[in-house]
Amino acid sequence: MSDHPTIKIIARFWPHALLAIVLVLPLFGDAIATKLTPIMVFAIVGLGLNVVAGFTGLLNLGAAAFMAIGAYTFAICTVPIYPFQIGFWPGLGVAIMVGAVAGTILALPAMRLRGDYLAIVTLGFGEIITDVLKNLDAITKGTQGLNPVAAPEIPFVTYSISAYKPTYYLYLALLLVAILLCHNMRKSRLGRQWIAVRDDELAARSMGISPARTKLIAFAIGSGLCAFGGAMFASLNGTSIEPSFYDFQQSVVILCIVIVGGMGNVKGVILGALIMVGFNSIILVNLTEWMTRNGWTGNNVLATPSNWKFMIFGLALILMMRLRPQGLIPAQDVEPVTQKPATAGATP
Amino acid sequence: MTTTELIIQLLITGLANGLIIALIALGYTMVYGIIELINFAHGDVMMLGCFLALTIVGLCGGEQLSPWIALPLLFLTVPFFTAGLNWSVEKLAYKPIREAPKLTALVSAIGVSFVFINIGMFWGGLPMDVFGGGGSAASAKSFPDLFGWSNLLGEQSAVLLTPRDVMVAAVTIPLMIGLTFFINRTRMGTAMRAVAQNPTAAKLMGIDVDRVIGLTFIIGGALAGVASVITALYTGSIHFQMGYRNGMDAFTAAVLGGIGNLPGAVLGALLIGLVRAVMEGYVPNGGQWSNTVVFALLILVLVFRPNGILGSRVREKV
Amino acid sequence: MTVLELDQVTLRFGGLTAVNNVSFRVEKGDIVAVIGPNGAGKTSLFNTITGIYPPTTGRVLINHAVVEQPATLQNKIQWTIIGVVTAIAVTLALNANAIWDAAINAHAITSPFPWGQAFNDACRVLTPSAWTIIPGLVGGFVGASGAWNAWRTARCSPDLVTRVGVARTFQNIRLFRELSARDNVLVGMEPKLHSRAWDGAFRLPPHFREQTEACAKADELLAFVNLGEVADVSAGSLPYGHQRRLEIARALASQPSLLLLDEPAAGMNPTESASLMLLIRKIRELGITVLLIEHDMKVVMGISDRIVVLHYGNKIAEGTPAEIRENPAVIEAYLGKEAG
């Protein structure tokens, strides 16, 4: 980061400013809130992937699959066509658990694999999950998806389904909880184990850390978070959407959320989600709407901004890797995992 | 159809599919062997090759074009295009970040792949598409059928062997033999093996590492070009997402055989081709599960042999 | 008391014999040096002791016991359970559509839902057939053998060796570069830490109790190796000499009974290696046995109680520094035949 005082102030205080803005924004209208809520969901999914890919250094190319597992578990547990109908909060709980178990199952055979082999196994797992969801159409209703799933609700508070603000603040609160948990885990013994395994697996083993255990825990927690995000997404949309929504390209978008902000960095994930999802669901959509309104799109595929999505994502990734590979918030700016507790100085 | 005939039929389909996958897999595994990068864009280079082939055939008369003119024409243009494309990808996107951590290059490769997918979408969606499988960008385009479906074993035979099966074997097998010869016998091949083992040492021995890497991408791209022509002719349908599908199969094949290992890639590809043929031709409802089976097989193999079937165990230096 | 005993240890990589039939003992409180020309198999010996490469033949006894996870009855039960669970899971997964159709889709969603009926219908789908037995058998075999395979590879592993009180440093420094010096020491303390994942995630009291105590101990250790001022600096950005000492502090953090130092004085100037000798002596005074590999003969002769000499993987001599200095076989190995 530059030493210029303005940049320093921005770098120091943007999270606070962002929090203030998102707290106030819905007061200006539901339209903005509707657009911001998916960003929060993807930020949670990004946090989940960040535990695996950022903290533990295991490249996971199947994050969307865990999102799908969460979404479909939540949907099966809450849609009226099935007899479970357990409601929003128990549904979230079950989704997290199923996601964590699925992550552990994937990690079991993948524990011994290094780098690219692991990446390809997670990619394959993602393919298997979308295929299974597509093919088990007796359960998942195939490409129709399951709907209507349970809408978000706040315990002891009743509000009309059409009111958007309560959902917005609920999701914001859930995101803040997820951020806090990730932050705490990174600053604890677990976080040290993850980063030790990432930096030098063999040295970590020689320090008495079992890398297999460490990776399993990372996968369980990370996948649980991704599934949590998936369930929230399903609830927000009222449907599990369809299996092919959670394909490899979705996984890459989630990976980009983690990479753009800076791997292994909670603040970076939030920034990444804001940029990636914001671009995809706000800027591109609004630009297309605006151009259509002015009659500039016509029948030409080239004149539809959303058709340029992959091109823009792709070029952004290439340029990013070339100019700022460590992400917008590089790891060097991250404070030490364990800070000195105030009482420690007393007993030298 | 008797059991023997069924087995022969599955073998024909499986091997033809497997050989196509093998051509793409060789490109992956060669690049990985040299710079340890999963070149995600490789499958999409092949996809763009398919669209070029479609454009060329379309400009030259489409269905009426005789295969004896079309084949040489396509094989003289498409591989050059894909080789050049692959080479420029290396120069523009990978070379500047070669010293960076591996993940950086991998993400860059995914970026290139996205750009190509987008180009393919426009290519298929614009008036440039000569056959038009619908006006929208997302739909698949049909490739003109140049070979027909006549059975070379005679019309009464239960086993179907079409000219396109023969074409696949006639093109791919000599190419693979040639590639093996090139890698093992020529000076440039030796240089490639040297760079794969230890780039620094190879550089110190006076090998121009940049040139060798460039050449690897050219060869890989050319193989992908040949594969794109064959795939387009064999399956008769192309789509801007096909790069990912085919690339996926090929990459799985390369990993299955032990990435960086050329015979391993071919072995893995044939295995995947056969598994797919069995799933699609023999198991009821198998077609929709063939992806799942292929990836489950990959995971299974890697559990017991973490470096692939033919891959050698890598010891970490302590 | 013998802390470490090597009993006819041989380590082969393919056709190459890195360590050939080496036996020796290290007694508690000693400083023992392993010397030998480059490629003599010293680091391979260390890797065998610490469990990175299990010996091809022979045994490594630490405190009179081989460190290995035995295949207990509990393990065997675990493999069986994993196998059975995988078998059931695979069978259910392959028939999921049919089961769901029979159990859920076939019944109208009424309240209360006929759960018992649904369960019976689900069971009726799962009659023995090619679609239930074959996947079950395959799944069971894969699950059980996979679990066995995982156990087999983790049977002898460095983390187990560390947990019985052997710590080491590395020839080419292997610190966790992105962690601060203090965090590196805290990672070294792992075998002594017990807080759970959720303690840290939810900031429960055990986390704070342990954190405070561990940080105090880490700072103590950093001060012990004279790195007190750089506790918050990331390890990768420390100068070379500091990194060497940080590795020692990290190894000491697990409170080992035996410390293995792999070329601790490599790349140090005479002043630095003199202070290193002082440090090693201080470590011995803590009651820790030290086994070190070193090329710097001044260090070796200055601090060792005993010296083991390796040459081409064979032990050619063992004794006090004075004995080794006079040993003709050692002189020959280092200087060649003519000189002897």
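Each chain carries a letter (A, B and C) given by its place in the written order, and its residues are counted from 1.
The criterion applied here is as follows: contacts are C-beta pairs under 8 Å (C-beta built on N, C-alpha and C of every residue); 3 or more make two chains touch, one makes a residue touch a chain.
Being a predicted model, the structure only gives us computed values, none of them experimental.
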Overall pattern in which the protein chains touch one another (line/ring/star/complete/other): complete
Chain pair showing more contacts of the two, A-B and B-C: A-B
Separation of chain A from chain B, taking each centre as the mean of its C-alpha atoms, in whole Å: 32
Rounded Å distance, chain B centre to chain C centre (Cα mean): 42
Where chain C touches two or more other chains, by residue: 52, 146, 170
Multi-partner residues of chain B (at least 2 other chains): 300, 303, 318
Contacts with 2+ other chains: residues of chain A: 109, 112, 132, 135, 202
Residues of chain C touching chain A in the complex: 50, 52, 93, 96-98, 100-101, 104-105, 107, 109, 113, 115, 118, 146, 150, 153-154, 157-159, 162-163, 167-168, 170, 174-180, 182-183, 186-188, 190-191, 193, 195, 197, 199-203, 207-208, 210-212, 215-216, 219-220, 223, 231-232, 234, 250, 254
Parts of chain C lying in touch with chain B, wherever the complex brings them together: 13, 43, 47, 52, 142, 146, 149, 170-171
Complex contact set, residues of chain A against chain B: 59, 109-110, 112-117, 119-121, 123-125, 127-128, 131-132, 134-135, 202, 248, 252, 255-256, 259, 263, 299-302, 307-311, 313-318, 320-322, 325
Chain A partner contacts - residues on chain B that touch it in the complex: 32, 36, 38, 93, 96-97, 100-108, 110-119, 121-122, 125-126, 135-137, 244, 248, 251-252, 255, 259, 288-289, 291-292, 294-296, 298-300, 302-303, 306-307, 316, 318
Chain C-touching residues of chain B, taken from the complex the two chains share: 300, 303-304, 315, 318
